[in-house]
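So that we are looking at the same thing, I have put the structure below in structure tokens.
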Amino acid sequence: MNGFHDLLQFIFAGLTNGAIYTLIALGFCVVQNTMGIVNFTQVDFVSLGGMFLFSGLFWAGLPMGMALFVAVAGVTVMGMAVERLGVRPSRSKDHLVLIFLTIGISIVLRGAMKLIWGKNRMAVPPLAGEEPLRFAGASILPQAVAVLVITVLAIVLLVFFFRGTRLGLAMRAVASNQAAASVVGIPVGRIKAASFALAGALGGLAGVLVTPITTLSYDVGVLLGLKGFAAAILGGFGSFPGAVLGGVGLGLVESLTAGYVSSAYKDVVAFVVLLLVLFARPKGLLGK
Amino acid sequence: MLSAKDNIFYFLYLHRTGLTVTFLSILLLLWPMVESNPYTVGLSNLIAIYVLVVLGLNLFIGYAGQISLGHAAFFAIGAYGSAIATTTLGLPAWPSMIAVALVTVLVALAVGVPALKLSGHYLAMATLGFNIVVYTVLVQWDTVTGGPSGFSGIPYLTLGSLVFDNEIRFHYLVWTFAMVALLLCLNLVRSGVGRGLAAMAEDETAASTLGVDIRRSKVKVFVLSATLASIAGSLFAHCYAFVSPESFNIFVSVDFMIMVVVGGMGSIWGTLFGASLITLLPEWIEALDTFKEIVHGLILVLILLFLPQGLIAGLVESVRKKIALSK
Amino acid sequence: MLEVANVSKWFGGLPALQDVSFTVPSGRITALIGPNGAGKTTLINCITGVDTAKSGKILLDQCLVNTLPAHRIAALGVARTFQNLKLFSNLSVLDNVLTGLTVKAEQSFVFSMLRLPALRHQERYLRLRALESLDDFGLSNKAYWPASALSYGEKKRVEMARAFVGDPRLVLLDEPVAGLNTDETVQIAQHIRQQRSAGHTMLLVEHDMELVMDVADQIVVLDSGRCIACGTPEAVQKNPLVLEAYLGRMEATA
């Protein structure tokens, strides 16, 4: 029975992390699809989510619900700012330059966070209680349950957004064929800003959900974000179902490896998987 | 018939690269007689070591048009390789450096051959992932590497009875390596191979129809840059007698990339400038520890937005164009 | 010299080339014409190794080349120009032409880094060859200009200089006068004739019928991926299939 409890524990942990990776991977996908670039600032959207939540709770004294909303909204706005001020002014369309540019902006964001919130780790209170819940013999934090529930909700909303709303359809049009989209009157510039906003929202959401579990610092998003990127590549970079599959898959592989093989090398798992995917099948599981 | 003066000018022009490097080397040779503050000399030694890394990286990123966000991994293999070989295994230092460099070649081939089939962000992520794997191993495999607290007691390099144990002696050692590497890279860039790389960076299809073996060229440049980083790492270990994983994480790789961009992607002389600027920044900005990311990030962003070819190359390019168009 | 035998290629379900066969005789200019979308550029890409034929054979002096990668085909002496220009804007005009001598230059990294006297002599020789080639095409006064600073017509000539500099066995010219005015076209025609006198074999893809009739020794006509005619300019001009391929199109769009 112990073995089964352990397995269940690892699966819960894997699903929780997987949910976070999925949100981050979706953020990467949105920008990749509408703008064709990899947005390295995605990792900082995650950290910012946690930072804004912290400030909302402790500097503005907001109640948890409001603070969550304000935090995600704040990162959404930051996303638009990054696109408008950082990416759009670029004179060069050179792929290399754009990749390095988002890396540079990412570094600036991290530096700003370090300046504003300091170098030290901070604790963020969880959404709903600290006592672990017991389920089928394994324990799971209420925060982890929140992560899973809210992630699923977010995915459902996202599907509805892309299938049913004008903005969502416009974004898909731009992703599919930018020239054609602008010809039919879709404001491509605004769509690009919107996709960065959406990426910000997804990253911010991941941040507010995960930082109560991992604690918060100005660079907390880096490793998580890179793993989220690895998950996106695993699932097939640019594919939304792929991001979900890759995120959950990576989370589970990581957790099971840490549990059964070695917990010291846990961080390596995601990147070994990444290297294997890139070397053997760069398109990933569901890639185009 | 050319006059004597014309002959001299022609000779100078023909050998301009070798002469400039010689001139710079003479300056470096004489410098410790003027400046004997070990701290200042130590700083320039660090610059020399980084120049070695960034020369190779610039060939890869700037000349061949590829991406590596994980070169600190090769720097680490050189450093820890030499450290373990000379301290734990007690092997002689110079042969170890060569052996470690050969190991790096093998690792670079193992990673490079599959990774270089990718491009753009896939390649960036592959190199980044590789760096993270190496870094994590350095931290976790503490029985061999000393873990997060680092690896100390690395012996100094010796040449006969001469022990390289102070900054002045390091100066001659590391700058010799740096100048030799500079000359070799300048030669490469001015050759048919260099032109092939530049062609490949701009248009792989065109370059392949001209006879450039794209896959092989990419791998060769990657291995060359990894080897230079490894040698730099070995020198780093023997000069500071201590290494810790923090000198080899992905942020260091990104700093190397910033040095390339600042100096100018594809500008070999620019790497001297780029490496110097980024290394000297902490000296000029007192509170750099707090502002480090912002400063580095802003430099990178501003250069990429306004002068994508880098400061030196950008200036040289505009001057050249003006001269050409005024003729 | 060049033999194309039963070459076919599909893109997905669409046939781009269907059982195309013809030969390009040595020292002569063969023109490849046909309406847009006939498969001319696809064929050129297959010959140069940029693309691969799905079936059939391409033989260069009896040597099978359609399985070789582009850089090996270049090493065998096949050069080309591109319809949409593929010059290296980050290099000077002279360096662009020098890239045409890649197969003749030192390939080794190590030897290039050491820059021994033998390499220096070779470099000097290659530079002279490149300057000569630029001179042939009337561009030696702009040798040190950045390639991006030249006019469109001049850039086309640089590409041609780059193609001919290595004394290739076969040169494929992909629409060398597209986008040029009458004077520039006449200039290019002259260059082409000059190169034929020098003994070069050429396969010329063009839409400009005047140029084609002027310089071609043999014409191959493609339509919808098939070879519908092959012969002297006079014969092809009168060929009813050819007329239908062109006029038929014109009627449809009228």
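In order of appearance the chains are A, B and C, and numbering begins at 1 in each one.
Rule of thumb we're sticking to: a contact is a pair of C-beta atoms (placed from the backbone, for glycine too) under 8 Å apart; a residue touches a chain by one contact, two chains touch by 3 or more.
Given the structure is predicted, the values throughout are model-derived calculations rather than measurements.
If you average all the Cα positions, which chain's own average lands nearest?
Measuring from the global C-alpha mean, the nearest chain centre belongs to B.
Could you pull out the chain whose C-alpha mean position is farthest off from that of chain A?
Farthest by centroid: C.
In whole angstrom, how far does the Cα centroid of chain A sit from the Cα centroid of chain B?
34
Could you put a whole-Å number on the gap between the CA centroids of chain B and chain C?
40
Taking the mean of the CA coordinates per chain, how far is chain A from chain C in Å?
49
Give every residue of chain B touching chain C within the complex, in rising order.
That would be residues 184-185, 187-188, 190-196, 198-199, 201-203, 205-214, 220, 224, 266, 320-321, 324-325 of chain B.
Using the touch definition from the top, list the residues of chain B that touch chain A in their complex.
61, 65, 67, 69, 111, 114-115, 117-118, 120-122, 124-126, 128-130, 132-133, 136-137, 140, 254, 257-258, 261, 265, 290-301, 304-306, 308
Along chain A, where are the residues that touch chain B in the complex?
37-38, 86, 89-92, 94-97, 99-101, 103-112, 114-115, 119, 226, 229-230, 233, 237, 264-265, 267-268, 271-272, 274-275, 278-279, 282
In the complex of these two chains, what residues of chain C are touching chain B?
Where chain C meets chain B, its residues are 48-50, 69-71, 73-75, 79-80, 82, 86-91, 95, 98-103, 105-109, 112-115, 119, 123, 126, 144-146, 149, 162.
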